[in-house]
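Below are two complexes that have chain A in common, paired first with chain B and then with chain C.
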Partner chain A sequence: MGNIYHDKKLQWLAYAVFFAAIGIVPLFVGDAFLLNQLATYGIYAMLALSISLCWGFGGILNLGQGISFGLGAYGMAMTMQMQTQTDSNPIPPFMLNNSLEHLPWFWEPFSSTAGGLIFAVAVPTFFCAVFGSIMFRARVSGVFFTIMTLAMLSAFYTIILDQQAYTGGANGLTPPASLQIGSFEIDPYSATAYWIVFALLCVATVLAKLLTQSSFGLVTQAIRDDAERVRFLGYNVAGYETAIYTISGMIAAIAGCCWVMLVQYVSPAQLDVSLSLSMVIWAAIGGRNSLLWAMIGAFLIQGGQSYLGDQFLSTWLLLLGGFFIVVVRFLPNGLASLAEAGLGWLSARLPSKSGRAIESVTAEEGA
Partner chain B sequence: MDLGTLANALILGVSIASIWLVAALGLTVIYGTAGVINMAHGELIMLGAYSTYMLQVYLGVPYLICIPASFVIVALVGLLLERGLIRYLYNRPLDTLLATCGVSLVLMQSVRLIFGSDPKYISVPEIFSSNIALGSVSISTFRVIILAVTALLVFGLWFLFYKTRFGVQVRAVMQNKEMAASFGINAGRVYMLTFSLGAGLAGVAGSLFGVLAIVLPTMGASYVVQSFLMVVVGGGSLAGSVAASAATGEMQSVLASFTNATLARFIIFVLIVVFLRFRPQGLFAQGGVRR
Partner chain C sequence: MSGLLEIQHLSKSFDTVQVINDFSMEVTEGTICCLVGPNGAGKTTTIDLITGRVKPTSGKILFAGNDITGQDEHVTARAGIGRKFQVPAVLRDMTVRQNLEVAYSRQTNPFTNLFTFHPSGLKQKFDEIATLAGLTHRLEEFAGNLSHGETQWLEIGMVLMQEPRLLLMDEPIAGMTEAEIEKTTSIFKDLRKSATLVVVEHDMGFVREIADVVTVMHMGSLLAQGDIAAIEADARVRDVYLGEEEEAA
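Here is the complex of A and B:
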């Protein structure tokens, strides 16, 4: 028998258990602030998922995931800001402070909630598609692509910081009210908000998992292992790379929208290099080759940061950096490889049981 | 825009170019020879600034001596880094990138724990803080000093790589590591020394930038991206980095005189992306096989 870590049915079972576990959380947590914080962990998990999809299954290390996340977050913040503007007061206050007379043209689509939500996800996705296709068609890959994503991230960061009249500058945007869809208001501290994040995470994970098991996913994994060989087999490598990069960016953009829904705040800090690097660290420590373990990595590290780190933040970051170096040096596939080895050992120790299971299956088929 | 403004912008551009170049020199050496993506480069610059600060405050070393001293200190840090971590990762470029990201986090936090997050200042001799008038243009003396140091370093590197026995060895390893090794060149030692040299150059940049701006644990982060862009646009060679810095420095300065510095930076970053679409190998591609 092979390693049960690679058994697809058991993998789906593990995902089901994982989502059942995080799904029942609101039943036990009464504290609204804690629930809100736990919901933000769902967003971190979504980001780790997107990194794992792009990097673990596509071989594209993206240090600029903050672009998609940040643009999605800004889109959502603009939508929520416009919801509070009325006809008599059509312009957000910070624009008046910067002596703008009219609403800038790129704010217009965000006046309607539906349009705003669509644009919040569509703009970053479109950016990823364009940037990805430019880079991948030029066969910029590996570390060069990583550096270019970093450069784009830094470019967006500076421009958002600089254009204070249009983006709120360093203060960012602070929509005064929570998101309203139709006549329904989503209180960020309610179980509803948690369920929305949970449902989106769940859908994103299932789709991502199905994608990695599809023939598309197999080709991207082949590209990760040897792009040149796949190219010689006649596949359009740039197309596949652009597609997986764009899908990953879209997940991050959705995460950005959810983030603003929960915290009602966005600033250029969401496009800071350190956040994008954190996402990669979550996926790397958890295990980039496993969507589930990447999400667990996000939970472990962000959880550790919140519960151990508040007082010892500097020490914690120091430890995290050291731990990250150790993982990269000795455990390139993260904690997932420990689980893989453990389950492999377990499967080797239980040959009779698995063997018997197979026998019973064949017996049933025979009967 | 009249000619005078343009002349001003061009002269200022030379100064900006020298700043971008001196930040990128260490990275050029490290990336160009060993193909290592050193994300901790910015933090090595930061260490250079802090070593200058420490030498000045605790030992009272004059500023001009602090510059070579920072070179030595940061080169030693680089040596430790190479021996302890980087040398295990030479054939895994993505992992080098990640590991050095971890190193940058560790270095930044350690400095923050030791020195705190408050800004430090490096004092320079009175004469450096004056201005020099060049016709209608006035430029601070310290920027001229940076230009001079940069020119000196570029000349020194050119001499080292093209006129010495060590340089021949480095270039041999760069072109083909196995072949060079079979001719009796100790490739591991060459990598070690070039990494250390690159780190030292970052130290020099740090001791200069510490004067130009304030010394903070986070100061390195702003230099690392632009340094990488210079190296990538240049293609990893010394001449490439010089040309890339000169071009982008001038563009930054001229564009900034039309708009503002931040917008100019944004435009340049976008232009670099477009440029790499058509010349992914950079301005001056290197002929050698990198492994």
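Here is the complex of A and C:
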């Protein structure tokens, strides 16, 4: 009680500090390659955010977030690929190699940049809405839903790998030029690209945070706690579950679009099980019940992988595994619980400063 | 006054076991009806059938004149049926405050709720119910840390936050102290002014205090119905239920 970790105003302050810190990065990083790499961290953060929303707040463990991420990425890659096609050369080269003579119908919408971008996000979102609605209405929940997401992920992976003529197969898609919006070209190694990812992450986080504080967020947390009980309060549990699963999927789809904007490449690897598992591990280690800590978890793990991974090579996976076991065993709510405990200790010792805010809260309750 | 709740020839079997067998009852608006009977008589199953947790094999359930047979839980809840569970079911990982707030379910649409931060009328209702349930000093406590009696009160509070027309209370006083039972008795009598109650209870002393009508179930069927004096005088009831209880005591 009275832990400043739970103070909503201070939480917003923490988010502001976090975004200010990652927002000024381009001012200090001159190396374009490094800046591009740091921008991809923003994408990992977006994915961790989406997992935290779905799993931490909605109680739905999704091991198939790669579906939304991958479909979003493919949509963006298709859009960028079509931007380089001309009237005299209307079909991507890999299709010609697979002796396709006409552009497949589902590539058509991606001929226009606006249409392509809309479809890149809308298709995975629509998939989540339909798949979620079918599953949750049938009251598939818990580990059974998780298994279904894993199965769906494998199915998508196989289809994309198999349909080489339409998807590029194992080679994936490698759009030859950067994304163009109107006459403006977004150089993936520029600060602009970083800012775009940063801005989208910022907006997604603020909206997600507001969502968790709304009546909707309260109901989803209640469902996480005891779905059966919530039904008897008059809430359609399936509707809420579908909604949070879909919103989470939409964030992952946007992350997928950003990914291809930055790396100009997509392959079935983006739908590989290991990536979707990684997303869950980021959120678990950071703390799935906190949007902020889930994102920090992504930074720590991916940062560790980039820098320590190079030094330790394959031993890195062992280290990561060991670290994961330690966190799950001793900090079931991730590193966030360290922060919670630390701030709890601090608020107990700071009666003069933080106590005032808490007193005013308790006074309100007493009234 | 006609029946707020009418159960007509309700039957339910799980595989080959007939749990509810041609059971009919009617609950008059503004009364407290106590549902009693020996263990396994089908009391909780009847509550399950009314709220839609379990779908009947045959028969009909009317609530305020509308057929609600086989509707889902959230539909019956929205129609105005509130339920307190036998094993107190509160949201243990949430605070008492959050439990009461989430139970205030005027608006159930997920999309509207995405944009709702302060539901209208919540504050007033919240203060009223928190005071009634005696939980004003425990609001920031996690529900999982409450004592058994407090948990019972919290769940009763949650049901009241829903402002239902019909309250189904499954063993509301189990585990309560004498003083708490007394308080429950007076609150239930108060509730009768604005709502209708069906109370499943074993404690005949409590039933005697609050019941307008007592319905006795036995082996999934209606055994007897009437006021408490008539029920206690009924030879069949003494045989299957009350006698049994006296022997046990």
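By definition in this document, the second predicted complex is superposed on the first by the 349 of 367 C-alpha atoms of A that agree within 3 Å, B and C clash if a C-alpha of one lies under 4 Å from a C-alpha of the other, contacts with A are read in each partner's own complex, and residues count from 1 in each chain.
Rule of thumb we're sticking to: a contact is a pair of C-beta atoms (placed from the backbone, for glycine too) under 8 Å apart; a residue touches a chain by one contact, two chains touch by 3 or more.
Just so you know, these numbers come straight off a predicted model, no measurement behind them.
Participant: Thinking of the overlay built on chain A, is A:D225 touched by chain B (first), by chain C (second), by both, or by neither?
Facilitator: A:D225: touches chain C, not chain B.
Participant: Kindly classify A:Q264 by the partners it touches after superposition: chain B alone (first), chain C alone (second), both, or neither?
Facilitator: A:Q264: touches no partner chain.
Participant: Per the contact definition in the header, classify A:L211: touching chain B only (first), chain C only (second), both, or neither.
Facilitator: second
Participant: Regarding the shared-chain residue A:S314, is it in contact with chain B (first), chain C (second), both, or neither?
Facilitator: First partner only, chain B.
Participant: For A:Y240 in the superposed arrangement: first (chain B), second (chain C), both or neither?
Facilitator: A:Y240 sits against chain C, while chain B stays out of touch.
Participant: Indicate the residue numbers of chain A shared between its chain B interface and its chain C interface, in ascending order.
Facilitator: Of chain A, no residue contacts chain B in one complex and chain C in the other.
Participant: Sort out for me which residues of chain C touch chain A in the complex.
Facilitator: 51, 53, 72-74, 77-78, 82-83, 85, 89-94, 97-98, 101-103, 105, 107-108, 110-111, 113-117, 119, 136, 139-141, 158, 162
Participant: Where on chain B does chain A make contact in their complex?
Facilitator: For chain B paired with chain A, touching residues are 37, 85, 88-89, 92-95, 97-99, 101-106, 109-110, 112-113, 221, 225, 228-229, 232, 260, 262-263, 265-266, 269-270, 272-274, 276-278, 280.
Participant: Would you pull the chain A residues touching chain B in the complex into a rising list?
Facilitator: Residues of chain A touching chain B: 61, 131, 134-135, 137-140, 142-144, 146-148, 150-152, 154-155, 158-159, 161-162, 273, 277, 280-281, 284, 314-315, 317-318, 320-322, 324-325, 328-329, 332.
Participant: Which of the residues in chain A end up touching chain C in this complex?
Facilitator: For this pair, the touching residues of chain A are 1, 211, 213-216, 218-219, 221-222, 224-226, 228-237, 239-240, 243, 365-366.
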